[in-house]
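Each of the two complexes below includes chain A, the first together with chain B, the second together with chain C.
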Partner chain A sequence: MQFLDLTIRELHNELVKKTVTPLDLVKEAILRAKADNNNAFEYIMEKEAVEMALKLKEPEVDNLFWGIPFAIKDNFSTKDIVTTASSNILAGYVPVFDATVVKKLLDAKAIPIAKTTLDELAMGGSGTTGHLGTTFNPYDKQHEHLIGGSSCGSASSVAASVVPFALGSDTGDSVRKPASYAGLVGFKPTWGRISRLGLFPFATSLDHVGYFTRSVYDAAHLLNLLAGRDVEDATSSDIPVDDYAKLLNTDIKGVKIAIIKEIVDSIYDKSINAAFQKTIASLKIRGAKVEYVSIDRKLLGALFPTYVVISCAEATSNNANLDGIKFGPYQAGKTYEEVMSKARTKGFSELIKRRFVIGSFCLMRENQDVLFLRAQKVRRMIVDKVNDIFKDYDAIFLPASPTPAPKLGEASDRLSDEYLIADNHMVIGNFGGFPSITLPLGFKGKLPFGGNLTAKPFNEAKLLQIANVIEDITGFYNLSVRTAKL
Partner chain B sequence: MNFEAVIGLEIHVEMKTRSKMFSSAPVEFGAEPNTLVSPNDIAFPGTMPTVNKQAVINAIRVANALHMSIDNTLVFDRKNYFYSDLPKGYQITQNRRPIGSEGYLEIKTDSVHRIAIERLHLEEDTCKQLHFSEYTLLDYNRSGVPLIEIVSKPDIRTGEEAMKYVEAIRSIVIYADVSDGKMEEGSLRCDVNISLRPSGAEKLGTKVEIKNLNSIANIQKAIDFEIRRQEGLLLTGHPIIQETRRFDETLKETVTMRVKTDAVDYKYFIEPNITPIKLSPDFINAAISSCPELAQVKEKRYLEVQGLNERDASIILQSKDLSKYYDDAAKYTTYYKSLANWVTGEVIAYLNKRNIPIENFFISPAQLATLVNMIEKNEISNKQGRDIFQEMLTNSTNVKEAKEKLNIGTQINDDSVILAYVNEVLNAFPDSIKDYKDGKDRALGFLVGQVMKRSQGKVNPGLTSKLLLEELKKR
Partner chain C sequence: MKEINKQVLKDAAKRLLFDMSEEEYDTLLKEFDVITKQMDLIGQIEGIDDHEPMTFPFPCETAYLREDIPAKPLSKEDALKNAKNKTAGQIKLPKVVG
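Presenting the complex of A and B:
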């Protein structure tokens, strides 16, 4: 039985035909999760998943998610299931409520089988900083390469076909970058399209719920399920939700796609450039109009520092609730200061503390103007510039990363254009809250790499249509370690 | 040397909304600890704030009563600091754009003073700490309770002015149905900033903060004491130390709580979980026009429309519930002065004697109004009215039943009927006529009594006396 090599669409067909039951799928997923050696899981929900699967008897023909196993990044609140965000400060924390997205999936009778690892508190892009250590890339059996983060465990488990989809979160590119390194579809819609209630906040104004699938079709259906207003998330939008799945097979004749020249110019990897150009040529054949546009290099060079200032500032405030008093390991002390500072000193890794120090510094009265508020202004300038592009174009298409998954411990030159511009451009999607999707473009040796499409806010339907065509062009439908022809 | 006190007040008003400022947990005073708590109020990861609409309406009403300009956009900020009573590690408040700004309040001492008000903003309360020698307990029932903070300009000069100012604000929030305004329960809290300077000087002296004032009387006492204390120090050449003090009720003195060091940097920034909310003119106007009548407006109505005297009006307005009782009764009568007499007299006397609140008074406003109407229309005498009232209190009956029980008929006001009784009596008691003519005033009383007796107490006593006197003159 290798049912879990399939995508949600095919699994659904098998479930409806009753060639397989939810219980079979759960058992297979648990088996695979337990056999997995990529350190992708915080907690495998064996008992809970089996219990739930046992209750599912009659397949729901119109419900694509009925009986489908999935994984949840461990920074989503899951009722009665320990949730640590891969940080010691939350060791043993058992939430009392389900995140809205988890609730929607449970209501659709999808079956969560595991909580997955992440960079501690979702702060990081390498997949190496969680309290369980490095999460590995299933495409690299020698465990020499990163999978990327922060949604490392979710990416790893979908790429390894433990589950056909997994929830992630994306504050800089935390879904879309690991998707590139793991050959997956990684998608986050517009800020406000999916409720964030129950997602542990990192940087509120940049945080998005996102997810990994192995096809654009699955991604579109998942958006149908998860999108929509949530009265408990005041930032969630009441703009009507489209039927993204139904709109998926619209042709892209006349669609206008922009390529940002300065970003492509900062990428030197020949395999990536070749695959990217090949895809552009095919898009043109399919009737899309693809053109180069320009953004000032200085503005692009400001992406990363702007991101650091805003994300660290918001993070220091968002994580101020973690003091060991209400939940998480309590450290005794004579004063409240001692109690809190002991808990935080012990509970956070040095990398996290570094971010808090940076964030606090940027928010200090004497620094706010030149750091935090200036970063907000730069963010606004970048978003305005990108919105200008969206006046003339339906989407922006770029390589998702300048290289395939880098080697662990490989240092990049943090002042190079390759790093500042090519490795961090996807944060534009977070600055503007734009819907943005990564999907596989090609391989360099055994390692996959992806392309990224971004569209204007609430234009998910168009974005997914173009992505669907690209998937058709590349042929990377249902790509995983088990299906890849390497 | 004469000194002038420069005083500014910060007032926190806990609102009695149904739910909390940013969560759906209920708001209630005195519930079992940690029973009114949602995940938000403990700051569980992933919880998010949603704005309580009624709290916004309340803030608009109070801001309007304080003649403030009302911002057309609702914006919240985070105030970041670590403290054990602050579950999120920040408080959601309004820093850059308070909902109300630049208002004033007029208070009357020996003259009328206008106290300028800088700002009014919405925020959430912290949790309640109960300190013991070895540990501290935390009650999250209070965590997230909606607050409005009202910050005055340093326009107050005396303890009496401060007291009047707080009284006026307390009356507004109570009458606007925003808060129960109970200082002793902490639903209205007042912090005082006070400094002294030589009269006529421009430069401000060193500021001292007084916290934890739990009654309006104590505000005045604390300020009066603090002025004397600072005067004493200044006159003997001692510096004022910048510090936070509290009022010790037994000592009747302010005592040091903590000496202020550098001002805390709260690292304010805009609350990213609440995108700015537009407040339409319609929404603001509806909030204002639907505001329950404030005491000041009621007073004007009592004096100018209903013709009450100042004493009665002020007694009725001392309690919102009493004024509600009065207003409800006034719907059933136009004899407002008489009604006010009854409310401030018989009713209050009874309530005080039995120590029961007006909400629990079992004679309904309509019943009291009926009684007042009967007296004013001379259907019964004042004395009979009081008897009926007593009967209603004793046996919990209504006016009609009490009147029947006491066998009180409708009063006779017909001159010809009364005259018949008068002549009957005068014919029967010629000696009394003689006594009267001889100047014995008692005789008149006796004759009135006889008329009463024959009419079974039904004749109008005033009319009877008048007719008797007229008839006596004729004989």
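Presenting the complex of A and C:
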């Protein structure tokens, strides 16, 4: 085992003991990033990372992130580092400030080593639509299965142990789904718990900062660092931040966990169902009360279309600033409309244009009431129902996906319960802004799959505590392609 | 709901200031077959109009005045850094008037 196969906490201990230096770690990470054949990186920050590592001399015992290499999804602003959100419309764009989360990590002396690939503008769930092409799943050497998106490069780099953690963003399930397909801990805290300043907006009412780690403990510690009010982000919360890592323990006696029956009933994969039931049995043995609850199947069937309408509509206005004038490739024209139109026609891929047209269609005067406003009403009905569940339960536990990573190009029935409900239920976490975490549950052959826990807003401490117990039950601590016993 | 045809989609794209090829509009029109069926699922929910639209996950009020701390705004150099077409310290665009 080499150093980068360790978790953040383990690496910190080695740094404090001086068995390894930040420069050693950065060099190892750059070496692994350069050898990557999964198309995980937009830009490898070799020069910048080495310069930062050279400045770090004396380890900071109380600072877990001192000298730890990490990766950043390429839709976070990084000062003086090219940032494209994997879209040609932003080719060559160099931000003039750091996103708040990036700044917090730099202030803690963590070292960014790369910007990672994503589905173009974070508007996709497959990891196949970025301008550099498909990002692959490190668990599949033949490159036949996808890794999921949109935070595909961040997931791939943590699963391949290039870095022990990476930043992502989650609007529908863009951290938590790839975490399931890549055997990782993927966490998005409550909407407003982490500042979004510097995260390129996709759908403002649904966007969350999230991240990938290889242990629940690391996820808790990262939240300690990243959570909190940011005066530059009016949607960030001033609710006090807990010491999430300190609150972790393995006692869940009396904890009440709900399982949504209709979602589990829509999952037909035997391996996933068996691992899920086994975990429930273990949770019960440890003293948790696990019970099935119901949500109207029709309401669940509307999850995905509701998401499509709201996210595409919000995206059309959020991306109106991408015009090739202030940034991005300029296209000459006779009028400013022609300049913008040429830049946008050339800069956006077909898929993105289609999503924008769907959004624009939903916002047309004749359609607003029946599509956009109704989607927002359904959103409230779903969130009210889930909040009712949280009156009696501490968390909801479900399989994160109905299958392990699907094959690239595999078509699914877009009107089936398996697709509409089981494959898209995690969007509930975005509708209600609920804290939600995916963590590994098992393997089917060589491919991992995950479970997902969701709690009421700002109840991250309880959520992470239950996740910690599940990690203890499954034994999938620090899982990566380099440590997995396949 | 407005009837969906190629012209409606072209109109939507035009509003968004981009264009697509005829083949791309055909693909999108086909995609709308499924999307429309999915969107119909929203309309099938009973009591939907008894609920208020939800625009954000939960109420999130910022009701205070920030301290009046002087800070440097974005410099002209930084503001223009990413613009490709500029002149005399300003972004250059085709003439709008006259």
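Everything below uses one rule, namely that the second predicted complex is superposed on the first by the 484 of 486 C-alpha atoms of A that agree within 3 Å, B and C clash if a C-alpha of one lies under 4 Å from a C-alpha of the other, contacts with A are read in each partner's own complex, and residues count from 1 in each chain.
Going forward, contacts are C-beta pairs under 8 Å (C-beta built on N, C-alpha and C of every residue); 3 or more make two chains touch, one makes a residue touch a chain.
This is a predicted model, so every value here is computed, not measured.
**Q** Applying the document's definition of touch, where does A:M340 land relative to chain B and chain C: first, second, both, or neither?
**A** A:M340 sits against chain B and chain C alike.
**Q** Examine A:A313 and indicate which partner it touches, taking first as chain B and second as chain C; both and neither are also allowed.
**A** first
**Q** Examine A:G433 and indicate which partner it touches, taking first as chain B and second as chain C; both and neither are also allowed.
**A** In the superposition, A:G433 touches chain C alone.
**Q** So, A:A85: does it touch chain B (first), chain C (second), both, or neither?
**A** Only chain B is touched by A:A85; chain C is not.
**Q** Is A:K326 touching anything from chain B or chain C once the two structures are fitted on A? First, second, both or neither.
**A** In the superposition, A:K326 touches chain B and chain C alike.
**Q** Have a look and say if chain B or chain C is in touch with more residues of chain A.
**A** Touched residues of chain A are more numerous for C.
**Q** Examine A:R196 and indicate which partner it touches, taking first as chain B and second as chain C; both and neither are also allowed.
**A** first
**Q** Between chain B (first) and chain C (second), which does A:K298 come into contact with in this model arrangement: first, second, both, or neither?
**A** A:K298 contacts chain C only, not chain B.
**Q** Which of the two partners, first being chain B and second being chain C, lies in contact with A:L415: first, second, both, or neither?
**A** Only chain C is touched by A:L415; chain B is not.
**Q** Check the residue A:Y43 against both partner chains and state whether it touches chain B (first), chain C (second), both, or neither.
**A** In the superposition, A:Y43 contacts neither chain B nor chain C.
**Q** Would you please give the residues of chain A that touch chain B in one complex and also touch chain C in the other complex?
**A** The overlap between the chain B and chain C interfaces on chain A comprises residues 93, 96, 205, 231, 234-235, 316, 323, 325-327, 336-337, 339-340, 360, 364.
**Q** Considering the complex alone, what residue numbers of chain B touch chain A?
**A** 39, 42-51, 78, 80, 82-84, 87-90, 136, 138, 265, 267, 269, 272-275
**Q** Show which residues of chain A lie in contact with chain B when the two form their complex.
**A** 75-77, 83, 85, 90, 93, 95-97, 99, 196-201, 204-205, 231-235, 313-314, 316-317, 319-323, 325-327, 336-337, 339-340, 360, 363-365, 368, 372
**Q** Taking the complex as given, what residues does chain C use to touch chain A?
**A** 1-2, 4, 8-9, 12-13, 15-20, 24, 27-28, 31, 34-35, 37-39, 41-49, 51-58, 60, 62, 66, 74, 78-79, 81-85, 91, 93-94, 96
**Q** Where on chain A does chain C make contact in their complex?
**A** Interface residues on the chain A side: 92-94, 96, 191-192, 205, 231, 234-235, 237, 296, 298-299, 301-302, 304-306, 308-309, 316, 323-330, 332-341, 344-345, 348, 350, 353-354, 356-358, 360-361, 364, 366-367, 370-371, 373-381, 383-384, 414-415, 420, 430-434, 457.
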